[in-house]
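Shared chain: subunit A. Partners: subunit B in the first complex, subunit C in the second.
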Partner chain A sequence: MQLLGRLLNCIFKYISKLINKSINFDNSYEKTLKAGKNRSLIIKGVVWTVYSIISLKIVLIGGFPNDIYTKKPSYAPKKTITRESIYDRNGTLVADFLNSDGLYVNPKMVKDAKLLQHQLLEIFPNMNPDKLYKKLTRKARFVWLVRRLTPKQKYSVNALGDISLNFIKAKTRIYPHENLMSHILGYVNVDNIGVSGIEKKFDKKLSELEKPVHLTIDARIQYILRSEILKMMKLTSAIGGTGIVMDVTNGEVIAMTSLPDFDPNHPNKGRKNFLNKATHAVYELGSTFKIINSAIALESKKVSIRDVYDATKPIKIGKFVINDYHAQKKILSVPEIFIHSSNIGSIKMIMDVGTKIQKEKMQELNLLEPLDIILPERAKTIYPKYWRKTETATISYGHGISVSPLHLVSAIGAVVNGGTYYKPLFIKDQIAEGRTVFSSKTSRQVRKLMRYNTTNGSGKLTNVQGYLVGSKTGTAEKPKNGGYDKKALISSLVASFPMHNPKYIVYILIDEPQPSPITNNLRPTGGWVGAPVAAKVIEQIAPILDIYPVDENNPAIKRAMKIPPPKNTKTKINGQI
Partner chain B sequence: MINMLSRSDKSLVARWWWSIDKPLFKKIILLMFVGILISITAPNYNNEKVVGITTSINKKYLLFVLLGITTFLFFSFLNIKWIKRIAIFGGFALIITLILMQFIGIEKKGAIRWIQIFGFSVQPTEFVKPIFATFSALLFSAQYKNLKIPGIAMSFGLFITFAILFIIQPDMGQTILLTAIWVGQLFVVGLSIQGVLYIMLLVIIGIITAYLFMPHFQSRIDSWIMPDKNDTYQVDKSLQSFADGGWLSFKWGSGTNKYKIPDANTDFIFAVIGEEGGILFCILLITLFTFIINAMLKQVRKQDDLFIMLAILGIAIQFALQTAINISSTIGLIPAKGMTLPLISAGGSSYIGISMGLGLIIALTRRRDIA
Partner chain C sequence: MFLSGKKLFITVWILIFSSILFMIIYVSAQVKNLGKQISYIEKKIEEEHDNIRESESEWAFLTRPERIDAISKKLLPELKKITAKKIVNLETIPNSSKLVDIKTDSKEEYPVIRISDE
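On to the complex of A and B.
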């Protein structure tokens, strides 16, 4: 402490000495006074210089707006953001951009909060009175009350004449159909910037280039698909559902829904439903893959539609024993394998074809690649890294590979349309570029199988008189703790119509349906919960889509749908691989 | 007023009236008047939709203005003896207040600069500046009147005490003002060129030290040197405001940038004036400030008493530099520095502090032959 005191004393003395040296003490009081007056003139000069520079700079900033000071982009006035509309394939408006005022309160200006609360509740009956009162009395100058006012509400608020209430002019994206196309359209954030779906993909086109977007979606069909799936979800207490309607002749998606969905007008309320389960989620979709399996087998020419396989005994693959759900315990022909959805038969068929061809065809059908669509929500498939006999066997009946519903639908489209794969399209008037994957003969034969499944197999409930519906059901258990959960099902159904010249695919997936009266309290399989939905959808949409009913007893159609009798007996594979 | 008071009248008010520097007094009153007009139209705490002036005047501000004018008039009546007493007493009282403030003060935006008195937040720093200028002038003149008193060294001690108390708040802007007052007085009493160079060196070292050790100060300098890489929202909006105003503007009360500029009614009020009054009005206002400073400096040269001369000079330097720093910050000429525009910015302590300084100047410049 003493040392510090000395040190400070020393510094103080040194500074005093320095100052005394710097100032001329020889000057008397009068001389100092005189010198001071002269020196104050220097200070005056400095003041005048500084103030002149300041004035000059002000003139430069404000007087010459083209000067570099105002060219800086950060305070250049921003262009008002516009956003063009989105239409469906028939020109129905599905996303609009409107002026809408927001309402805020300046609580500092509120005179009588109780009265104002009462007045506002008359205009906005849905408001929570307590929360509103808190907003009106908060210590702030700006509190949002309503983000979007209707013109009528604005008029009523204006009529109150309360000085504490103010409007902010804003432009808002409006989706007149609310939830109808939520996952396709996506939504925009508060700054009107696209966050998901079409809004994100075409953000620049809609806002900067100001060009509208026309979708391939048909709002009417979308409505039918969505409401029919919702009904089935309710009847079976399911947690979700997915549906797709696709034009198989060019890949255009006519309708697509993922339920539960959200209202893009209020995206924050539907946060937990943002996942697009049609394009962004992958599942082991199960037996619907047997359509692809049959097509691959028939295309390879190593399996004929007239072949028969021994399905009497379960197959042992490694540690696992694979059995049939609808076990027939007999020798099955290829069409019988299809309609009884025999896993044993499917494995034996693909074993005759081999892993290499199976993988090649899967690749050509885009089942191993990420979904090739314009929507930003694209699923990546999950398939085995080491693809050998075991994997080939399970993939034949739709297990051990996870794809999105839209992956499967576009692949099946290639099977039924004569063999051409088209990637799914969402934008109208795009040129569809296809690639041939199957021969037209294979396609014709699989179409017979699908029709046979509707008339004699698991898809009986899909039949709609006159529209020659072909189908395949799929009931998969959800993976759980390394095994499968027998209670949590993915029950799905693929239908296509009309089978003599397929035009559309309807895909229905019900997520975790429960046994209920509509399934006769039986296991809610694809045949029970998917098929009736598909039938109702086809019944309603076929007339809209200009598909005319045909006479199913017409000899030409009967010939086209005829299943050839079995010929060969292949029993060489006897349960051991 | 002029006709009411006859030269032969020997009352207190009459003697006061005939002895003061009337041109300076009138200019100060004019500036106060302009300040009140701007305070009615410019600040953003008034809702623009309120009709009628009576509801839109901030009552608190009106109180400050009344207190400020009272302070101004009260100090302008003081005689030299009382000024000296107030300087000495006030100087010590403020040192104690500033030390106490470290314990009982209010922290706002990371700085302890305010104490609570009768429900008002008072910033003692604002009163330090005129008191320090007077006290320091007294010490300086003591050295020359009686060489046995180490007046300059004592005044240096006073300066360092206040400077330390300012830096620990921290308040770099006021420290700069305080330094300018003291160095200005030192310069006028005959600091050699060598001394000027020494002090300039010290100031540069001080700025570098502050830059290195005070992150707040550092970010201000950074955003001034490299506006592209830093957040310059406040200054950008301020510049935009001048550009929106143009040469001639008559948008009193209806400017829009004040809702976007933080501190639009205090540190950045000049930007609001720029938008609502236009460039020509800004230049006129700056001219008024310059005339007031000029009149003060003119008085400096008239005085025959070293104490009076240095006291006027100190207060004039404070007034001139504070105005210059405020306006320069607003127009992006220097890094943004929180400082009020004398008699125009909202802020009670600042208004009353400035009024006190100006009152002292009027009192100091009274003609002794009449008074």
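On to the complex of A and C.
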């Protein structure tokens, strides 16, 4: 310690000498002393200021943490632009974002454009030779040739050894299931910005890496639905098709397809198929609307399931004469009106109810509003501005009002599930908010009618043993030149199962099917083309969806599905208009 | 004391200042070093993420329902779709209670069914 003391004394003496040397002594001792004191004061001031600043900074860093001190240093690698994945309801990946290589050319470095054109065409046979030559000879330093290379193509380009060709690392959106969910997922543009479908709706969420999106769609069910509709389209030379499978207990859409579709990996090749017919297109959906008509009539209590109506003669409303396609020309009970799809009976039923109630219920079922879904492709319904007697009549059998297939499915979901309307959901774990539209009694009665139509009516081909399917067919002619085109049909079918406790709805629509051997070369109605598809779909998806088959001869089931006998026709024939 | 008054004060001050200076430089170097380590680890994590995503995509591509269906049709032509007739209630199988051990009180989501060895 003594040694340290001496050492410090020496250091101070040395510093003092240095200071004294720097002071210019003159005759005035006081002046010199004053100057020394001033300098010492300045040095002290400077030292104390620096010391205070450093101390303050330490206190600030330690006591008041701020982003400035915790932010990443500039040399940290920059986060590359990326996009979150999309999964189906079971965790199957349906959209991902992967590394890939893009190819560009520096035309100023191209020595022999003709030769390079020839070499590149061997690797990329689909390239347009003229366009390629123009790119190779353009006056620029950077021209894109291929945005996304396969590993094999990259190897081949590398093997050319041409210094004018260069690669750029890029990230690309890929859809491993290709066409399977194209209209639901949508697609992204070359800058990886969502252009349609879920990609557009969740563009920000997916690109800011908040978290992956999980859909309500089941890839397996989607495949079954799509492939069965495709088969029917091929058999009947139809121009398109649509299918929906929905969970009626919460509105979750399990599968939804619109055909023809496109491969979102190469959207430019399928431009003409971008229209999502399930959500974005509207149709006059015909007799499937009679499910809603029956529910409205029964709910109003002005019509009973035991009532009978005279359907012997066509009805004349205004200047229109309305007839039945499957004319029975007899007095029909409500269940008979349903299974024979009687327009006359349906009109008479709704006339007993009235326009006001019909419109109110349509509103409650969201059939007059744009589709309330998460997808950007939402249809607006087309309905009469002036809703009078004629409109009430035509709407009762599904004409004069145009809705999207998903509009109809969600409305029928409310009819069969006990009376609660749920808006269609596409994102898993969303809270289903329902609103009561029909009583459980009405729902039970309509379920009986639908089951009756499967066992005795136009939906016979939907009957899958064990799954207690209820259905309703619909065949509508497409509007053309102010009238209807008898050859351009929209043949559809709505089925629900199991009817004693409905869980799912299956909707099939075939656009412009043609008479073919599968329809016995007859008019390709919903019963001929929609019903077999629905049956095949239900048969395959029911075990996947954990629907346990039931014994249809079980007395309790029979009791639940029993159609009450009609009233005596001599007592009262309803709907005399 | 070897030093007194002003000298002691300046000595202590110099010692504290040098220590703080040394600590600041040391901590700053450590932070920089750790920053580089973090960057390296983050880069590795990102690479691993990319690898996982690539593998996931490959798996999704290889297990497409379309592909599985085609392969099963080709390699297992006897495999038929499940019809309602093929699904029976466990209780309808004779002596099923002796064959299986159903534990419904387990904490798992679904009851555990174990086929007995007997």
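One rule holds in what follows: the second predicted complex is superposed on the first by the 440 of 577 C-alpha atoms of A that agree within 3 Å, B and C clash if a C-alpha of one lies under 4 Å from a C-alpha of the other, contacts with A are read in each partner's own complex, and residues count from 1 in each chain.
Heads up, the rule we're going with is that contacts are C-beta pairs under 8 Å (C-beta built on N, C-alpha and C of every residue); 3 or more make two chains touch, one makes a residue touch a chain.
Since the structure is predicted, the reported quantities are computational estimates derived from the model, not experimental observations.
Engineer: Would you check which partner chain A:I193 touches, where first means subunit B only, second means subunit C only, and both and neither mean what they say?
Structural biologist: neither
Engineer: Based on the superposed arrangement, let me know which partner A:A159 touches: subunit B (first), subunit C (second), both, or neither?
Structural biologist: neither
Engineer: Please indicate which partner A:I174 is in contact with in the superposed arrangement: first for subunit B, second for subunit C, both, or neither.
Structural biologist: second
Engineer: In the overlay, answer first, second, both or neither for which of subunit B and subunit C A:A140 touches.
Structural biologist: neither
Engineer: Based on the superposed arrangement, let me know which partner A:Y51 touches: subunit B (first), subunit C (second), both, or neither?
Structural biologist: Both: A:Y51 reaches subunit B and subunit C.
Engineer: Show me the subunit A residues, by the header's touch rule, that subunit B contacts in one structure and subunit C contacts in the other.
Structural biologist: Common interface on subunit A, subunit B vs subunit C: 12, 47, 51, 54, 58, 72, 75.
Engineer: Taking the complex as given, what residues does subunit A use to touch subunit B?
Structural biologist: Residues in contact with subunit B: 12, 15-16, 18-20, 22-25, 27, 29, 32-33, 35-37, 39-44, 47-48, 50-51, 53-55, 57-59, 61-63, 65, 69-70, 72, 74-75, 106, 108-109, 141, 163-164, 166.
Engineer: Which of the residues in subunit C come into contact with subunit A in the complex?
Structural biologist: 2-3, 7, 11, 13, 17, 20, 24, 32, 35-36, 38-39, 42-43, 46, 50, 53-54, 56-57, 59-61, 63-66, 69, 81-85, 87, 89
Engineer: Using the touch definition from the top, list the residues of subunit B that touch subunit A in their complex.
Structural biologist: Those residues of subunit B that touch subunit A are 45, 47, 49-50, 144-145, 147, 150, 152-153, 156-157, 184, 186-192, 194-195, 198, 227, 232-233, 236-237, 239-240, 242-243, 245-247, 274, 278-279, 282-283, 286, 289-290, 293-294, 297, 300-301, 303-304, 306, 309-310, 313, 317, 320, 324, 327-328, 331-333.
Engineer: Any idea which subunit A residues touch subunit C in the complex?
Structural biologist: For subunit A paired with subunit C, touching residues are 1-2, 4-6, 8-9, 12, 47, 51, 54, 58, 72-73, 75-77, 80, 85, 92-94, 96-99, 174, 176-178, 180, 219-220, 222-224, 227, 464-467, 539-540, 542-543, 548-549.
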